[in-house]
Every structure is written in structure tokens, then in C-alpha cells.
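Quick one: the structure is below, and I'll ask about it shortly.
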Amino acid sequence: MVKKTLLALLLLLLLVLITCEKKKRNALRVGHSGGYLSAALYAAQDSLVNVDIQHFNSTSDIAYTLLLGALDAGFVEAEKLAAFAELDGFDQLTVVGKVTYPYGATLILRKGLNVRLQELGGLTIAVSEPTCVLLDTFSSDAKRLGADISNVKYKYMVFHAMLPALESGDVDAAIIKGTYAVAALQAGHSILYQNWEVQPGDECCPAILDQAALVLLSRREKLEAVKPFINALVFAQKSPPDQLRQSVAEHSVIPFEMLRGQPVPEFSLESDKLLETFIKHKHEDGDHDDHDHHD
Amino acid sequence: MIEARNVSKFFSVVNEDRTADGITAVLSVSLTVEDGKILSLLGPSGCGKSTFLEILGGLQAPTEGSVYIDGVQVLEPLPSTRKEMDDYRRKYKFLSPLANSMFKNRPKHDIAMIFQDYAVFPWMTVLQNVVFALKLRDIPRREREAKAMIYLKKTGLADSLSKYPAQLSGGMRQRLALARALAVDPRIILMDEPFAAVDMLTRERLQDDLLRLWNETGITIILVTHDINEALYLSDEIVVFSANPGSIRNRFPIETPRPRRRSDPDLLVLGQRIEALFKYDINHESEYSI
Amino acid sequence: MAMNKNKYEVKGARSTFRLVLRELGYFFKGAALNIFSPEFLVVFIPLLGLWEALPRLGAVPRTLVPPPSDVAMAFWEMLTVRNFLGDVASSMLKFFMGLGIAIIAAIPIGVLMGWNIAVRKRTLPLFQLLSPIPPPAWVPITIILFGIGLPMQTFLIFLGAFYPILFNTYQAVKDTDPRYLSSARVFGASELTLILHVYFWHAIGAIIMSVKTGVAMGLVMLVIAEMYGGRTGIGYVLNEAKDYFQISRMVVCMVTLGVIGWFLIEVLKFVELKLAVWKGVR
């Protein structure tokens, strides 16, 4: 008797699970990697119906999942887009939006290190390239503020390697793009210097990329279904900055206070033209995107 | 002189249904063996004679009673009361009473032992096996090899020095065990069915080898066997064990002078008597079990 | 054992060198024969052909499933342009440090645990409680304890290899036939002698076997460890290639890991043949 009841319950549970799964399958599946850049998504999240928002650790995982068709739309890092576009099956995807964030020269100090701008001498700072507008901005600002940075040691590495390098103590500080600032704060490092007035237009901060940080890709066959979702994002983007920050704080583990000093990422509509720009830029640059990790 | 006084050994065995059974392996065995004699412990398998031999060799502690070799106690009996247990634990700490010592090689008594099998180490060559035993007896490094060679020659193994036991025949392996036991110049050798695993012809040759070496050295040998003919051919005295519990049933001194013939009528008559004894025991037992 | 040593000492350095050379020759011959045996090639070459053909014929997308020729080209490019050998060397350094510490720690502890019941009772429950924790679950606390970098990576590899070696060693030592112990004890062997000359040698086969398991687990942990921190190593390149959609590079890393694992197992087989020579002879 008990066994039969249990069996019936189990079957019922299975049935419920299957219907749930089906319901979910009808929903629009959107992938994102979280963080401050997802601000518009977080703000829109509560008003969205029938959208299944999935969190990924890496945007390349979102890309593979999109390719497979297990996601209908997803945010992929802009710097990875040109490489992603070379994979078979990319033609089924299309660019529908982007998230931009100002370049912003930011000097991050390693966790626990407590120095002033004037005391940077002798420290090792990670920078992306010897000639980088971020570094130039920082140098001229430092000079203006009377800091002597002539005996600072520089270590060259790509941006996404800088936080791990700070973490492992390889470098004492790093000059990063604004997009990495929140992640650095979250990791417990501190911002010593920040200047959002950066004139883009060189190797490390190309003007052509339009300061795009994320690109929203959609599967072509789902374009119609994605439209309301995009509209919701655009609408959410219009909220006041502090409200956007508040939604980020609510939906993620980033505290509101941390976001207060940082500009708000901006979601906007975009088309495949952006992709062409990226690909053109990649070809002009040659092997620049070959993320050589040997310093 | 080896002297066993009222030696008993009890085991407890936990059954599958978690009940425990007490098993009496040896029950108050008293025995004295004079120097230079060969004594056989004869009995059906499972009669506790091997256990008794291990107690003689100090490889198991008796539950009751003691064994003395030249007046020195081999192993004190296991504790039975709680106070004894505490003393016992304090005395031995984490080393078992069977251990000689932690770091220093030193035998407790002048004994060597030969087992039916597994006696020699398969990871050492023939020579290494004997040299290892000599090393344990603190023979200086330089003398070890020469001394080992003497006994390896005597046992006919001089040509197989660098072979591993796995490469030897069963008979050769037992000869190696014999050579190793003799090489340390013991006063007593305890043998646990040493020739049981080899064929008939090899066994008889091994028995002759043993007698020859015994003649040369004059050591005391205690031999556990279930082979009546072997016991008759080798021993000065046969001690017949009975099973359940293992205890001495009869003792038969053999006066027949050596060298003996295997077909000696006196021995054959004695053999038949012992055989009849076994048969009676088996029938008796089956009557009980019906 | 002592005998052998003496023999080699007498022979002198020159012939020792020749001996080493000869043994190396045996080793590589044996290892190569395992892979390039006709029986296996009959299976291997068609498989390789299938792998090459399917993407080229368009049966599977080529950028997602690169054929071996693409992989070979990526390998060549990585060797020449990216100093992939540097990554391999960096990974191997971590791996051998981790595995080495695991062997050095696990074998003595295992032998002691198998040797003495008092030691076993005091230590075994601890290891039994800790060992079911999957090694990757140690990653967060390892980062907190060691930060990110070589010590943390070495520790994770150590964790992966430690328990299999420990438990197998302990079990094999514990199961030593008591008659070997008895015959050594009667001759007067001290416990130390028993450990060095009886327990250890009795367990040597199982110990080498367990090191093979340790190698496999160590490689697992190597890849996991290199995903965190550090910017060199096969695991890092593997993950980076995934992030930048360079599938053929990914496959290069995977094949490299496979070849390393295979090679180490061959080395261990050879060591077993040399150390446990008495097991093979008949």
C-alpha cells in the first residue's frame, strides 16, 4: 500500500518536472556572466515574463551554448567576438545589442597594499602595452599631481591576466580598463586613481570598438522572440543610474556602495555592423588578438 | 633443553551472526625435549600442533602456561584479568610482544624456524636470503657471504646463487630454507611440515639431507608433521596429538638406531599402531557427531 | 640488495653509464612497442583516418572538430610561436613536485599504518574522513591558505595523488603474509628491519600500482589547478584556448596530457619490472 502510494507520488513528481521542463523550453533562454555589466538585465529581470535567465562563469561558455542552440540569446565579451565569429555555425547568430562602458584609466592597488600616488616608486605595475592611452593618461596625471613614477617597474600583460597577477602577488598594482574596476574591488583590491576622461584611439583602447564591453547575440530563428526582451532591456536602461546600481546590488553579491563611484554600463541596440567593424579591426591588427601569455 | 609447562591456547572466533565461539587450540600440553634430539609432533590437520610449535618459537603467546628454553621464558602468557591487561599494555606500549625490538636486530632465543612454504623471501635471491639471515644475527658483513656459501654448498644450491625463489623447484626452495636456518648456527630448529609441499622422492631426499646435517651439527629439531613415515624415519620420539582440543594423546620413544631403513619392521609395526590410533579417533569422533 | 650495489660499484663510472644507456634503450623499445604494435595500429590508423575524414568531408563542423592535420599544425605553431614546451615544462614541474611530495609522504605513512595497529588506529580514521572529499572541493580553501600560484597548484596535485598511494600502500603492507614476518622475526629481525626488508618489498607491486593511480589523479588535479592563477601550463593553455575558440589548440593540450600520462605509466611499468624483478621470473 505504502509502496503504491510512493510510486504514484513519484510518477506525479516526474510529470510535474516534465511539464516544468516543457514550460521552460517555451521560455526564452538568455545567458549572461553576471557582474556590473549585466545592470540592464538585472534591472529588467523582475518585469520579464517567460524568460529563463541562466548564469555562466565565462562568456565563451555562453558562446558555445548559443552555437549549440541551447540558448536563444546571450552576452559575449566584445573582445572575443572576432574569434568566435570564425567558428562554424556562427552564421546562425546575429548581433542585437551591446553593453558599453567607458575605458577609464584605473590604477588598482593589490589587496593590503596601502600607498599614496607619490609612493609608487619601486613597485611593479601591470600594464597592457608600453604605448597605451591608459598608461599615458595615468603618467601625465601623475606628473601633474607631482608624483615621481620614473622608477616604477612595468610588467606587460593582457587585461584579463592582471587580476590573477595581483592575486598571486606577481605585481603590486595594475592599470586596467574601467570594465575591470568593479571586479577588482570585489576581489578586495583598492582603486588608487581613476580618470574616465580617456581619449580612445590606439592599440589597447581602439576608438573603433566604441568602448563596447559585451555584445548581445541572438539566434536568427529566435529574433522575433528576442525582440520583447531587448525592448525590456532598453526600457530598463532608462532608469536613473542609482536605480540600476541598486538592481545590480539586489541581484548579485556586489554591494551598492562599491558601484557608487563607477559609471553605469549602457545597453543599446546594435546590428551586425558592429561585428563587421570588429572583424575589420582584427584584420588590421594582424596577430594582436593572439593572446600571447608569455610575458 | 625445551620445556613446555601446561601450555594452553584459546581463541575466540566471531561467527557471521555475531555470536562468539571459544576455540581451544591447545590444552595444557607439557613436554620436555632434551638437547640434540629430534622430536616429531604428529597429528591430524587442525589439531593445534602448528599452534603449539609457534608458541614454542615465540611467535604466539600462550593463553596459559609457559615455555622455557634453557630456563628462559619464551613469551609470557596473555593477560586474563583487567589489571594484568593494563600492566601488559604499559609494558609493551605500541610494540607487540612478538617483536624483538624496534631498531636492533637480536633474536630472543637461539632458534631457527622452517615453514611449509613462504619461508624464503621471494624478493631476495638465494644468496641474499641466507645473507639476510646472517645479517640479522650480527655476523660481520665480510664473513656473511663466505658463511652463506658453506651451507648453500651443503644443500646443493651453490649453482643457483643469483636465482630468485620463484625460479627454484619446491624441493630446492625447502633446501634453501634449510640452508638459511642452519647458517645462523641455531641450537634448535622448529619445522612446520617442512616437506609437505614436495613430491615423495624429493621428500625422502630432503629427509636424508636433514639427517645428515643434523648429524654434523647436533642441533635439537622439533618437527611438526602429519606424515607417519616421516616421523618414524626421523625422530627420537613421536608425540601424537589429538584434535579438539589439541593435546598430547600418546608418546612413542623410538629406540631404533640410525641409520634407519624405511622398511625397518620395528618402525612399520609402530607405524601401524599409530595409524590404528588415528583411525580409532576418527571413528570415535564420528560416533559423537551422529 | 647489498650484493647488487657492490657489483655496480666495482664496475666503475664508464660501464655504469653504458648500463644506464642500455636500460634506457630497453625502456623506449618496450614503450614504443606497446603503441606501435601491429595489432593496435590496425585499430589506431583507421580511427585516425576517420577523425581526419569526417571534418574534411563536412560531416562535422571543422572549426569545432578539427581534424588531426589541423591539430598537428596548431601544435607546430604552438611550439614555434608560443613556446608551448615552456608550458609543458612548467606543468611538469608542478606535477612532479606534487606527485613527489605525495609519494614521499604517503608511502612512509602508509607503511607505518599497515605495520602497526596502534599507529593505524590513531591515523586511519582521519584519512578515511578526509579522503572522500573530492580533491577539486579543496580548491577554494587551498586558495585561501596558499594564495594563487605554485604552492597552491602543487598542493592540489599532491592532494589528488596522496590518498590512492596512501591507502593502497597501507592495505598491501597490512596484508603481508604473517609467515614472512614470523620467519624474519625468528632470525631476530627488529621491527625496522621488517619494515625495510619485508613489509615494503611485499607491498612494492601494490605501491607502484598505486603510484599509477596517483599519476592519473595528479593529472586531473593539474588541469584543475592550472585553471586558477598562474599564466603558464598545459591546463592554462587548454582553458585559454577554450575561451578564445581555438579548438585545435585545445585538442593539442588534451593530446599532450594523454601522452604525458601514457609515458609516465610506461616509466612506472619499467620501474616495476626493475624493482619487482623477482615477480616476473619463472
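The letters A, B and C name the chains in turn, as written, and every chain counts its residues from 1.
We take it that a contact is a pair of C-beta atoms (placed from the backbone, for glycine too) under 8 Å apart; a residue touches a chain by one contact, two chains touch by 3 or more.
The shown structure was predicted, so the numbers you read here are calculated from the model rather than taken from an experiment.
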item: Chain closest to the middle [Cα centroid of all protein chains]; value: C
item: Greatest separation from subunit C - chain, by CA centre; value: B
item: Whole-Å separation of chain centres (CA-atom averages), subunit A against subunit C; value: 39
item: Whole-Å gap between the CA centroids of subunit A and subunit B; value: 80
item: Approximate Å spacing (C-alpha centroids) for the pair subunit B, subunit C; value: 45
item: Sites on subunit C at which at least two other chains make contact; value: none
item: Footprint of subunit C on subunit A - complex, ascending; value: 58, 60, 63, 67, 80, 83-84, 86-89, 157, 161, 164-165, 167-169, 289-295
item: Interfacial residue positions of subunit B with respect to subunit C in the complex; value: 54, 57-59, 93-95, 98-108, 111-113, 115, 117-125, 127-128, 131-133, 136-137, 145, 163-167, 184, 190
item: Residues of subunit C defined as touching subunit A within the complex; value: 61-64, 81-83, 86, 147-149, 229-232, 236-237, 240, 242-247
item: Residues of subunit C touching subunit B in the complex; value: 1-3, 116, 118-119, 177, 179-180, 182-193, 197-198, 201-202, 204, 276-279, 281-282
